[in-house]
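Here subunit A shows up in two complexes: once beside subunit B, once beside subunit C.
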Partner chain A sequence: MYHLNGLRWTLGIFTALFLVFLYGPFVVMTILSFQQGPEGGPQFPIIEWSTFWYQHVLSIAEPSRVAPLPIGEALIRSLTLAFATMVVSTLLGTLSAQAFRQNFKGSGVVFYLIVLGMMVPGVLLGLGMALVADQFDIARTWWGTAFVLHVVYTFPFSFLVMLAIFNRFDKSLEEASWMLGVDPVKTFRKITFPMIFPGVLSSMLFAFTLSYDEFPRTLFTGGSEATMPIAIYGTFAVEIHPNLFAFGVLTTLASFALLTIYGVLMALSVRRAKIQSSGLQEEIA
Partner chain B sequence: MSEFDLELVRLSKTYPGGAVAVREFDLQVKQGEFVSFVGPSGCGKTTTLRMIAGLESVTSGHIKIRGEDVTTVPTEKRPTSTIFQNYAIFPHMTVSQNIEFGLKVRNLATNVIDRKVGEILEKLDLSEVASAKEESLSGGQKQRLALARSLVIEPEILLLDEPLGALDANLRKSIQEELKLLQRSLNITFVFVTHAQSEALSLSDRVVVMNAGAVEQISEPLELYTRPQTPFTARFIGSNLIFPGKLQSTAEGNASVHTSTGQFEGIPVFEAGTLSKGADASVVVPSEFVDVTVSSDRQETSSPIGLEGTLIDIDFVGRDAHLSIALKDETPLRLQSDATVMKSRNLVPGEAVDLRWQTNRATVVSGHT
Partner chain C sequence: MTDINVSNPTEIKSGTQGSSLKAKIDKGRYFLLAPGVLWMVLFLIIPLAMMVYVSFWTQTTFAVNSTLTTKSWVTFFSSETYMNALFRTGRLWLTVLALTFIIGYPVALYVGQLIRSETLRTILLVTCVIPFWTSFLIRVLAWRPMLGKEGAVNIVLQKLGIINTPIEVLLFTEVSVVIGLVQIYVVFMVGPIAFMLGRIDHNLIEAARDLGASTWTIFRKIIFPLSLPGVAVGAIFVSVMVLGEFATPAALSGRKVNLLGNIIVTQVGSLKWAFAAVVGVVLTVVMALVITALLRVVNLRKEL
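Our next item is the complex of A and B:
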């Protein structure tokens, strides 16, 4: 019993530390984002609580010596890039995982080749891509060279997610559909896809978030038009103001809002299914 | 048009690694026949069924349905329908949607689809759960839904892959009967795969016994039971006493076989062509034809004794008595017999017993294994 208690305490402390490291930076950032402005800097103590930096991010603050964050276009670029990466990566991931449901010749090698995409250091890959692009006179752009690397980076994640989903997928459901006279294409649409949809959603989430805050690959291949992470990094070179923190809080909140909507939708669909079946049982009784 | 609904012509399947799953399978099934494939797991029965369904590629040989060669026709274009072991109910669809699914791709008018779905729901007693999903269905309901879904598209042949495997014993029994009645009333050809011989014997018009990818015997259930043609069938079907030995002579359809437990004379031969003098052969005696009596009760008028031995143990399992006997040469023997009869014999373990049967109930098969 004593040993068990000791283990429990160790695990408890470990978990607590994990949570502190996970959320600590965000908490500090949140507190500092309410620093007085425009004189207050990104450090403690808080001179006076204010929402000045939020107003500054949203460009509704009084003009001051602090330049507004160059985020408008960068944000749109990043969102567009993340969205495109998400679609392409999930599509490729689903298709290649589908291919891996049967053992084909050389499938082992191909598997490792795909997974390599997330193993290779981003800086090296970015640099390599930049060199190749220059060699062949290809312009480096966020929607061209950087986009390709984003897909290369996120595709293995999508692939692995879909592979796990297909591993649990009962093949006889597809076979049942075929034997009812439904061709493979329609079977995929009507049977396979609805069943793997949660996996597709996870894959999309993965690809989107990975691409959205991708830095090293984009740095070398994104060209002159910066994406969000590059733009933020750019502001570090001058002077850091709490407006950055305010922006960080806002985007994090936006992400949480999205996740909450996703969670609520999932919970609702699960509950609907349950109500349907329990309501039916009452009908029978 | 062929006189057969289903024909398998030297159907074979070899896996890429070289493992042979099915070897030279020949079969003809008449319209409306109920045929079962039985055998131990890995004998190729399910692989054969899947080849007929088009879910498994054929290495060589042909599959013909109503005379038409469908060997390379994809699953969705074959006039067959399959009941899977796990039923493969579409979990995101209701009972009616599951049934409609196969009809919707057939360009039928909505009112025709609705009528057909209604009829089959009624027929298989699923109307009350029409809007339920798989998770709230009982085992029996899932089974009936799988049947309904397959039957509503009016297949020429229904393939059933161990469809009763997941049900408990009582439900199994009642569904077996339903299945048989359904098959009779619809007059559809059924090909049924099972590892349970009792299921195959009670349901089918003909049974195909398979072992290690090859067909051992194709017979009507009773014949399979009383006249096994191979040692494997003798071991697999029913409860038989098997005595391996050498064939000494066959005269006038009666064989004489020498075995380590003794000489057997006058055994009827049914597959004379496969037997030759001096070759390995086994004597098979169905155990329900064997009578066991206490040796000390032996009387002058008693019929000739088949074998003598010592009773080791006797167990009563419901209507059956399981006897364990050691023959004079110490060969152990397991025997299944009628419990009421055996009770009346007052058998006590340790006592000497006589085994008797009518000679013409025994049969001789070629080979030992």
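Our next item is the complex of A and C:
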């Protein structure tokens, strides 16, 4: 069939090297997070293996000259912000995508207006918003000026995901439900929502991740109360310590947990959809 | 008689119902779109418009006032520092774009075309995405112990006997900025291309092969043209992110390599709003040109 074994091997090795390149810094970061503390710096060689920096992150290490990361408050702010962004962005995305199910006049303009939100570099949007806030005496806060920009950034992602879902969506099912006299609210709950649920989940995942790690937009608009990325950026100017790396490893593990939940929910929803559709077929038969 | 009497009203009724249904749908659409459109106008269009407006304001030492002037613009275009930053941004952007394409395309080709197993393909794609679960800024900082004089790269190369003395240009130079940017953004190139390649109908390739086309011809005439929309989408992602960068250059060049983004941050820091706005508008124009050019290759709405 295919006589591509040579090519396949070459590209396979290339891909393996690519993964090494992608993961190299992460591996190094993990190794260095076990550096001895508090004297050991974020570089080789490892003086002695220890979990000092993990204790440091969790504020259970003995006090030292290295200031602890402002994890408690900054992390809670970031999580709250990401959660709010996730909800609003998915809501806006679903509503807008629903409107796009039939072509309408001016749809091109609205489409690109929404997509523009993910195409404008964050630093520009942050600057623009800071100018507006400065001129109209609006206080710059993470839950106000920064939050609206986060949604501007994530809403297009939610919109595109939902649009892709609606494009593959069999309209006749909804129509059948309407024809049988089921009211629109119930139709949405029983027919539409279960079908678009994978999209809603993906949109939420996108929005949460993007907002949680959002940095350039927040820098100018977040005000004095720092979110997590801003707190990390604050350490750029001064010396960096392995506690940042320990924190990176910990957050990655936490994200894995989140991804697993997403995977499980997704699998469940797919299975339920399959069972439901086969059940429907049996009823019809 | 009765038949007509009965059927006529229903016909008329259903007719009006149809048109009122259409009106209802139009009205419904208006309500569905209003929140999103309003949000984007208020928090996207107005800030950008404000930036253009402020770029023509008068800059005094610590404040701006709304007397219109082109002074900040003249300052920008007559300053060597700013013009250098503009060219450096362009140069770095093109370098990173080329490298993400050269490195990303073969990977996408492998994932999208040469892997038959759906599971393996998903695993590989997920593997590419996992690094994104670490904070962007921490990932940038992780390059420091990689590239330093006593960094991991030098240690490994010396152990392997490839080099004798450590390479010093790796950290705090333009090279380190390029390496960092490529590693962080290359996945945005791989994803869309792999997606487009995965959608290619295998029958097309089989047919070409049956007709005697060589692998190279198949790639050149079928696979590559069909993957172009993916390349364009990837290029849009990479361009948007690299052109607006300032954190990676700041962290990996020891603040020696300044892009337009770095200048904006510095100017805002010293309350030079009008200058910052000028740099912002310049960046927006560059951005708009790049995206418009790329959107000629791909119709985003059709590719979904």
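Observations on the model:
Assume the second predicted complex is superposed on the first by the 259 of 285 C-alpha atoms of A that agree within 3 Å, B and C clash if a C-alpha of one lies under 4 Å from a C-alpha of the other, contacts with A are read in each partner's own complex, and residues count from 1 in each chain.
What we mean here is this: a residue touches a chain if its C-beta (ideal position, glycine included) is under 8 Å from a C-beta of that chain, and two chains touch if they have at least 3 such contacts.
Just so it is clear, the model here is predicted, and its values are computed rather than measured.
By the touch criterion defined above, A:Val185 lies against neither subunit B nor subunit C after alignment on the C-alpha atoms of chain A.
Of the two partner chains, neither subunit B nor subunit C is touched by A:Val238. In the superposed model, more residues of subunit A are touched by C than by the other of subunit B and subunit C.
In the superposition on chain A, A:Val152 makes contact with subunit C only, while subunit B stays out of contact range. In the superposition on chain A, contact is made by A:Pro194 with subunit B only, not with subunit C. Of the two partner chains placed by the overlay, only subunit B lies in contact with A:Asp170; subunit C stays clear of it. Judged by the document's definition of touching, no subunit A residue lies at the interface with subunit B and also at the interface with subunit C. Subunit A makes touch with subunit B in their complex at residues 170, 172-173, 175-184, 186, 190-191, 194-195, 273, 276-278, 280-281, 283-284. Those residues of subunit C whose C-beta lies close enough to touch subunit A in the complex are 25-26, 28-29, 32-33, 35-37, 39-51, 54, 103, 106-107, 109-111, 114, 124, 127-128, 130-139, 141-146, 148, 150-152, 155, 183, 186-187, 215, 236, 240-241, 243-244, 246-247, 250-251, 261, 264-265, 268, 273, 276-277, 280, 283-284, 287, 291, 300-301, 304. Those residues of subunit B that touch subunit A in the shared complex are 53-55, 74-78, 80-82, 84-86, 88, 90-92, 101-102, 105-106, 128-129, 131-133, 135-136, 149-150, 153. By the touch criterion given at the top, residues 3-4, 7-8, 11-12, 14-15, 18-19, 21-26, 28-29, 32, 42-45, 92-93, 95-96, 98-99, 102, 104, 108, 110-111, 113-125, 127-132, 134-135, 148-149, 151-152, 155, 159-160, 163-164, 167, 209, 213, 215-216, 219-220, 228-229, 232-233, 236, 240, 244-245, 247-248, 251-252, 255-256, 259 of subunit A touch subunit C in their complex.
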